[in-house]
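Just passing along the structure, written as structure tokens.
Lettered A, B, C, D, E and F in written order, each chain numbered from 1.
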Amino acid sequence: MATVRLLADEELSPQAREVFADIRATRKSDFVNNFWRALAHDPVTLKRTWESVKQVMGPGALEPKVKEMIYIAVSIAHACPYCIHSHTESARAKGMSEAEYREVLAIVGMASETNRLVTALGVPIDEEYEVG
Amino acid sequence: MATVRLLADEELSPQAREVFADIRATRKSDFVNNFWRALAHDPVTLKRTWESVKQVMGPGALEPKVKEMIYIAVSIAHACPYCIHSHTESARAKGMSEAEYREVLAIVGMASETNRLVTALGVPIDEEYEVG
Amino acid sequence: MATVRLLADEELSPQAREVFADIRATRKSDFVNNFWRALAHDPVTLKRTWESVKQVMGPGALEPKVKEMIYIAVSIAHACPYCIHSHTESARAKGMSEAEYREVLAIVGMASETNRLVTALGVPIDEEYEVG
Amino acid sequence: MATVRLLADEELSPQAREVFADIRATRKSDFVNNFWRALAHDPVTLKRTWESVKQVMGPGALEPKVKEMIYIAVSIAHACPYCIHSHTESARAKGMSEAEYREVLAIVGMASETNRLVTALGVPIDEEYEVG
Amino acid sequence: MATVRLLADEELSPQAREVFADIRATRKSDFVNNFWRALAHDPVTLKRTWESVKQVMGPGALEPKVKEMIYIAVSIAHACPYCIHSHTESARAKGMSEAEYREVLAIVGMASETNRLVTALGVPIDEEYEVG
Amino acid sequence: MATVRLLADEELSPQAREVFADIRATRKSDFVNNFWRALAHDPVTLKRTWESVKQVMGPGALEPKVKEMIYIAVSIAHACPYCIHSHTESARAKGMSEAEYREVLAIVGMASETNRLVTALGVPIDEEYEVG
């Protein structure tokens, strides 16, 4: 169930069609997942979002699989099942081992616990953590 | 401001004192940050939490700095300023470069945006993401 | 799946029946959605919640469709699929155009990104924003 | 307190300087708030974020003050005090009346309550809300 | 810092004055905390909110201190320091022991961890948990 | 749908098998719910999590059903349907009456509303709430 219909390739506007072509070329795969098919109703946001994802998740200082792990962590904390499933898949495709995946989950769980304990106790920030 | 007083070393119960000694030995540093001083009112939770942190954040498949980056990501999504400050500091101490830090923030921001767009649109999970 | 059974009209207590009658009269429609059928197990909370919704979402300074857009925004940030679906439907019924809907989603996504960046960076509030 | 130092105008890199110039020109004001001064350490994210904000919050189908109200709503749900303060100020500057502000807050509060009740009860989505 | 000025008793509108009188009478105390002084700019929401708090937190099936503990738990998960501080104080005033307080915090921390693990793993609901 | 397969009893590693045996002995029931079957891929986290749950939710100062109510409250605020369903079931099994359940939901809803109002208004913490 969705708040908009998912668009098939033949229903795309010319601008959305261009973005889909770039998604396929960048990922070297014909598969375009449902997120983009839902977003395609708004070619402006589709294009802006895809350009940002391409830039942020593209080559950089961090390994691709580490980038995906951080994405997974955020998606769990935001309670987004779709995002969790799609980025767990991406992380595995980019080389995340099962041992690494276990550690990601253990850290997310642990951090959730300590985050809430800190908040509950109203712990003041140590001056040792102050920046410049 | 906190909901409990932060305990000084000389106010610790014997069990809390033992945990503090292990924190210092493990971290090879005399500094014990405020979180543990607030948690020390409850030696049972103090001990259980420290043991878990030590296990989860200790040596494993992921680099220590990557573990801290995931911790930071979760702490941002949970809106915990103390946690963000302390783990940004830890990540830097464990070798996170400024270039890597910038990418962590860019990913967290981007994932927050796409997480909410996916949720807004009610995107159904692609069957390609199904496991076993 | 739910934690309580949805109540059919003939299962309502007299107090719940009265609230349902007012929902139908206020909305000029016989349709009563599942939220109220789940809440009807507790006639006190049912009545209080309905009275509040009627007051808050009723005529005021803001246009009805703008009120629904704000409701949608909150529901997305709270990860409530039911709420998103029902209020997207209400907003459309009250005149939200597809162009307006696209802007709502773009703002929610954007704000989510900047919210998390601000939190990540621990940005201090500018004194220009101080009130009184 | 922040995780990075706020940059003064004279500390900006050339690319950040350009973005600041555009912020000033677009807003017709010399004031650049702390968020951009914290983000300026990363000129790439600074530029991308500013371009997105300019596009999303710029002229469109929704009134500027309505856009700010939606931004406020999201910022409250994400517990971001900085964002709440800065966008409440922006909304007022763009014409939000005190009566409208009161309604924004009442809707956000109400939606938070009903969002959590719906989630608590696990209410299934009515088929009347299904799209296409 | 706040988005509105806190109102002193002599600045209250007649309707807000009445609500303050009822707060004082109900609580048998002259002290009116800042939340109500901020909310007093909107007498309608002030009255509706106070009436709801009085009803929901008043005598019922659960002990007053247990009601406050649940309030604390929600406030922690929503990252609201003001709410945490005020309801921790209320819970103590209503008899919550330090041993009970420790258990509240331990449960909130633990539930946060397991909540996120469940979400991360996308665990399907056991049919044993189905209602009616 | 899940990100891992649920493990049947005969697929468990020896360490996971031991944890399952302890879950069954502690709960005096043969039923092991899906959460543990998903977590069983990681025997270390499985064991640590179960030991913590057993300690935190075990006998203490608070009644078992009150502990479950707090768990439910947190799970609602974290938008975890699985957690809500399983702990609503546990709370009922431990004696939570329908009247008590109604009050839990009413408090969670109410606290969500006031939490967000407080956050929206940026209410400063009263000095009366300061500790020590």
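Heads up, the rule we're going with is that a residue touches a chain if its C-beta (ideal position, glycine included) is under 8 Å from a C-beta of that chain, and two chains touch if they have at least 3 such contacts.
What you are looking at is a predicted structure, and each value in this text was computed from that prediction instead of being measured.
Novice: Going by the touch criterion stated earlier, list every chain that contacts subunit B and also contacts subunit F.
Specialist: The shared contacts of subunit B and subunit F, listed by label, come to A, C, D, E.
Novice: How would you label the subunit B and subunit C contact, same or different, if same means the shared numbers make up over half of all numbers there?
Specialist: Here the answer is same, because the shared fraction of interface numbers exceeds one half.
Novice: Superposing the C-alpha atoms of subunit B on subunit D takes a rotation of how many degrees, nearest 5?
Specialist: Result for this pair is 120 degrees.
Novice: Higher C-beta contact count, E-F or B-E?
Specialist: E-F
Novice: Pick from A-D, A-E or C-F: which pair repeats the contacts of B-F, with over half of them the same residue pairs?
Specialist: A-D
Novice: Taking mean CA positions as centres, which chain lies farthest from subunit F?
Specialist: Following the centroid criterion, the farthest chain would be D.
Novice: Measuring between Cα centroids, what's the chain most distant from subunit B?
Specialist: Centroid comparison gives C as the farthest chain from subunit B.
Novice: With centres defined as the mean C-alpha position, give me the subunit C-subunit E separation in Å.
Specialist: 21
Novice: Using mean C-alpha positions as chain centres, tell me how far subunit A is from subunit C in Å, no decimals.
Specialist: Going by mean C-alpha positions, subunit A sits 27 Å from subunit C.
Novice: Specify, in ascending order, the residues of subunit A that touch 2 or more different other chains.
Specialist: Residues 1-4, 44-45, 49, 52, 74, 76-81, 84-85, 88, 102, 105-106, 108-110, 112-117, 119-122, 125, 129.
Novice: Once bound in the complex, which stretches of subunit A touch subunit C?
Specialist: Interface residues on subunit A, with respect to subunit C: 1, 3, 41-42, 44-45, 49, 74, 78-80.
Novice: Per the contact definition, I'd like the list of subunit B residues that touch subunit A in the complex.
Specialist: 1-4, 6, 31, 33-35, 38-39, 45, 49, 52-53, 56-57, 60-62, 66-67, 69-71, 73-78, 80-83, 85-86, 88-89, 97, 99-100, 102-104, 106-108, 110-126, 128-129
Novice: In their complex, what parts of subunit F are in touch with subunit C?
Specialist: Listed in rising order, the residues of subunit F that touch subunit C are 79, 81, 84-85, 88, 98, 102, 105-106, 109, 116.
Novice: Mind pulling up the subunit D residues that touch subunit A in the complex?
Specialist: Touch residues, subunit D against subunit A: 1-5, 44, 48, 52, 55, 125, 129-132.
Novice: In the complex formed with subunit D, which residues of subunit F make contact?
Specialist: 72, 76-77, 79, 81, 84-85, 105, 108-110, 112-117, 119-122
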